[in-house]
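Dropping the structures in below, format is structure tokens.
What follows is subunit A paired twice: with subunit B in the first complex and subunit C in the second.
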Partner chain A sequence: MDAILSGQLLAAALVTGALYALTALGLNLVYGTMRLLNVAHGDLVMIGAYVAFWAFTLLALSPLLSMFAAAAIAALFGLALYYGLFRRLLEGGKAAQRLEANSLLLFFAVSVIVQNVAALQFSGTPRGFQYLGDVYRFGNVAVTGNRIAAFAVAMVLCFGIMAFLRFHVMGLAIKALIQRRDAAAIVGINVERVQILTLCLGFATAAVAGALVSMTEQISPFMGFPFTIAAFVVIILGGLGNVTGGIVAGFLLGALETYGVALTSSAYRSILIYGVFVLILLVRPQGLLGGRRIVR
Partner chain B sequence: MKGTAAVLIGLAVLAAAVPLVAGDYFVGVGLSLLMYVALTQSWIVLSGMTGYVSLGHVVFYGLGGYVAALAWGVIPLAGIVVFAGLAAFVLAAAIGLPALRVRGPYFVILTFGLAELAKYVVIVIEGWLGKFSRVMFGGPGLDTLFYIMLGLAAAATLITLLVRRSRFGQGLLAIRENEEAAETVGVPTVRLKLLAFGLSAIIPGMVGSLMVLRSTYFEPALLFDPVISFSIVTMAVVGGSDDVKGPLLGAAGFVLLSELLWANAPQLYMIMVGVLLIGFVLFVPEGLSGRLFRARRSGAK
Partner chain C sequence: MIRKLSFAIAATAALAVAASAESVKIGFSLAKTGLFAAGAPSQLNAYELWREQVNAKGGLNLAGTKRMVEFVQYDDQSNAGNAVRIYEKLITDDKVNLLLAPWGTPHHFAVAAVLEKYKFPMVGNTAASVQLREIKPGYIWFTTSAIPDKMAVEMAAMMKANGIKTAALVANVLPLAKEIKAALLPELKKNGIELKVNEEYPPDIKDMTAMLTKVKAAAPQAVIVLSYPSDSVLYAKQAKEMGIAAPFQFVAIGPTIDFFAKVVGPSANGFVTMGHWSPAKADWKRAKPFYDSYVKKFNEKPDYLDSVVSYMSCEILEQAVAKAGLDREKLRQAIQTMTFETINGPVKFQGVQNTVTPTAFLQIQGNELQLVWPKSIATSAFKPKTGW
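Moving on, here comes the complex of A and B:
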């Protein structure tokens, strides 16, 4: 019982929660504006993690700097996917008939390709590096510097993006698109430009989350999928398209996972995540916090 | 239609002759070809007909394999196969009612999540039982498995063919085109979807029980491998799911590809599968059979 109430677990839950919140934020924006469920989202986390890993091992560059490079690479990848695959689908035509199911198949294919190209290039062996490994003590809680940094960056980004959505014209346009696509076009919002921007932003945040994750955990070409699932749980919990709800839900899932594993054993981690995922989809697909229904 | 029937019977006779003339290698390849024909045809009864794309069909395959692993040595082979199919049907019936209320892309990720959940649950159960993989001795010979699999592939093809031409199949197609409209004109959508789900689960369960006996060992991560679900969907998309010939074309192409690449370069194989899926979704959404069929028809005009 003491272990459960300790600050140590709380700190772990907060760090995991912040990373989930950041990862899910990108997925939420892309879904909200384009109505595309990106199942390759976790693979962008993986790409970001590898950028940070190679920048650190080859160039001795801090992940806190290389995360900008990771963001740029992921944004470019998003741009390429948009022009290569999704514009055709969003514009209509033969393949657009079942847009959502088709886009999902495309993202699955992209995910499989990215994972296997990474496995081919970097081998399947998990890798890791030591950065900011010093332990800081707050009372009786010990936290490594890299976890503090990951938490801080994730929080700054989450709140930065929330402020951007609230105050910047482009951010307002994104929100308008999330609320009413057709109405947004009528009041003169350039829907395509906003979609491209959102896709790049969403991909970039995932890659930054990956760079942060690489400081605290081992990375591998197949590390992305658990993040995809976690991000889905978070955005469904928080309400699809609901950014604030998503951040709250990120912390909720972080706590659920950390305390759930602490109470049982790590063998149950996957069951816990997938169980919550399946349960939410079956019981409350409109989300716990958001009132928005997902009926197409 | 008579032409199709003749082609199918011809193919079945040809397949039945394989173990008589070819060596074990080719019988093995034939077995995995038939396995994918059976899986993809079954998948089409639900996903091709209703548009509820299942990306978790491996769960029935895996369950069938688990049943076989538990029952091997206790009940005879025929009983195991029947029981595996029954178990898959029961599972589909149990999860079908809540799962089939979820639509579109949510159904896709839900089925995927369900299959992964089942995998981890089986891993934990096996952990409790203190088993991390099971070995089954004295399994049936390769030829026996081949002929049973041929029967399953033929049965799956026949079921898809019959469903498509029945009133039941028309109801399923109506659900795919517009579920609300179908319900309004009196199609019992819930009942039809459930029946299709159950029907599409039985044969994959049976196939799983055979494949576990073929490999002679059971390991949850291999039996519940999401790659199998992914392959089924890709074969149906590439072959085309509006025609009973589609899965035959799709399965043949992919088994060939996998024989060429899987053993030496599994990553390359997966990359090729991904590329083909993207290409067909974007450019040939009607699939190979749709493309070939249409080409022939417009050529005749």
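Moving on, here comes the complex of A and C:
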């Protein structure tokens, strides 16, 4: 029982939760505004991780700096996808009505292509580097520097984006689009601009999460899938399109994973996560914090 | 001028035809993309190094005549079904002269039937499972000695020899880890080693804090982590964070691969791992030159498991065709009966298995991997892990 109350578990739950929250945030924004189911989201995490890895290995650049480059590269990729693929599909007509379902397939293709291009370019060899690996002690809690840094950056970004959505005019426009897409256009919001901004922002946050993860894990072209799954679980728990709900759900999932495993066994990790996931879908399909159904 | 140029082109083309007509075609599939793509590069690198070395010597000696080596390779997308189709195509359509192995246990098992069907001998490499003994012997052989049940016996013996009385076991649920675990539990009992923690975890684990809290509370003398590369890194980082103090820490797959030292750094010193090869083994004359040329060509260290067993399979093929040539039946007999000189010392097969190379363990000491068990081939003595 002492173990359950230990600060060590709390620290682990917070770090895991913050990374889940950040990863899911981007997915939520893209789904909320454009109704695109981005199953390639985890691959953006992978791209961010590789940017950080190469920047560190070739230029000796800290991941805390190269994460800006990772964000920019992912945002450009988002821009290219928008103009190359989704713009025409979002414009209207029959394709737009089927877009939500089709986006799943389209992003699945994007995911396969991105993964395999990465595998061919960088080879499948796992890679990694050491950065801020020293252990810091707070009482009887020990945490490595890179996990503290990852937690701090993820928190700043999550709350920064929440503030942006609440106080900035573009943020309000994004929220308007999430809440009532048709009405947003009628009141004069430039839907296309907001969509581009959200797509870039969503992609960029995933890449930043990747740069953070690269400090603590090995990276490979196929590392993205678990992040995609975790992000989907989080945004469905928190309510699709509900940004605050997603952040809370990220921490809930982190706690569920850490404490659930501590109380039972690591073997039950997946059963716990998906069990709770299915339960929530049955009992509260709008998500834990989803006040109003946005799903259509 | 134009006439001269076209003559030159024609001459070059003719030369190219002559070269390819004389070259010996060696086919294989490998997991360039998909689930196993992370494992395949250390195998392909070994193949490419070998080809370069053979061609630099004037080609592959086929019972007296030398021919340049040419590879015919396909991506099997980590799908064993694709590997079966590719090996059929290599044999019947590309008409390759020789075959090298695909990557991984399931792929080896899948292509074994194709080899049997066409009576085409192939020396396998990157497969480790007790089930390989169930494959009908004849056209496939395995160079590795890291077979789970043998490893279990040796590991328990090594722990006992070093005075270990208590252990914690944390194991991934993937097949190789499961096989080792199943064999290890009775061996620990037999050697009087008490198991204080016995936990399993899924392959996509992202945080081990909860599991390691249990390990730390039990304070065992040994921690046995039956892990794969990504969770090996996770263990190393989080065990350091939590200050797991066991003097014997075994981490199954990962520490032999070049990236591991780069991610984990000097805190990996003291980890014991799977592996039966080290360049420090002076009486394996080919070991150090292989290591040096690999590092020179690829600017990274070879994987002490996969690169080594893959290169060994090339060496065995090279020595077998030097005696038997390309006749498949003669080649099969040569592989079955000859004793081969490899980077891992002498190799001889009985049935499908390499019965000469002992099942062994490596330990990271001073950032280098040393053979520490069994004593007969050790390059250094086991040193208890003293800290992070």
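To be clear about the criterion, the second predicted complex is superposed on the first by the 264 of 296 C-alpha atoms of A that agree within 3 Å, B and C clash if a C-alpha of one lies under 4 Å from a C-alpha of the other, contacts with A are read in each partner's own complex, and residues count from 1 in each chain.
To be clear about the criterion, a contact is a pair of C-beta atoms (placed from the backbone, for glycine too) under 8 Å apart; a residue touches a chain by one contact, two chains touch by 3 or more.
Keep in mind that this is a model prediction, so the values were computed, not measured.
Of the two partner chains, subunit B and subunit C are each touched by A:Ala119.
Of the two partner chains placed by the overlay, subunit B and subunit C both lie in contact with A:Ala267.
In the superposition on chain A, contact of A:Phe277 is made with subunit B only, not with subunit C. When the two complexes are overlaid on their common chain A, residue A:Arg88 makes contact with subunit B while staying clear of subunit C.
In the superposition on chain A, contact of A:Phe222 is made with subunit C only, not with subunit B. Touch criterion met: A:Ala12 reaches subunit C, while subunit B stays clear of it.
Taken together, the two complexes place residues 115-116, 119-120, 229, 267, 270 of subunit A in contact with subunit B and also with subunit C.
Within the complex formed with subunit C, the residues of subunit A that make contact are 3, 6, 8-9, 11-12, 15-16, 115-116, 119-120, 123-130, 133, 135, 142-144, 147, 216-218, 220-223, 226, 229-230, 257-259, 261-262, 265-267, 269-270. Touching subunit A in their complex are the following residues of subunit B: 51, 53, 55, 98-99, 101-106, 108-110, 113-114, 116-117, 120-121, 123-124, 127, 230, 233, 237, 267-268, 270-271, 273-275, 277-278, 281-283, 285.
By the touch criterion stated above, subunit C contacts subunit A in their complex at residues 31-42, 170, 173, 199-202, 204-211, 213-214, 217, 229-230, 233-234, 237, 240-243, 257-259, 262-265, 267, 388. Subunit A contributes residues 37, 39, 85, 88-89, 94-95, 97-98, 100-106, 108-113, 115-117, 119-120, 229, 232, 267-268, 270-271, 274-275, 277-278, 281-283, 285, 294-296 to its touches with subunit B in the complex.
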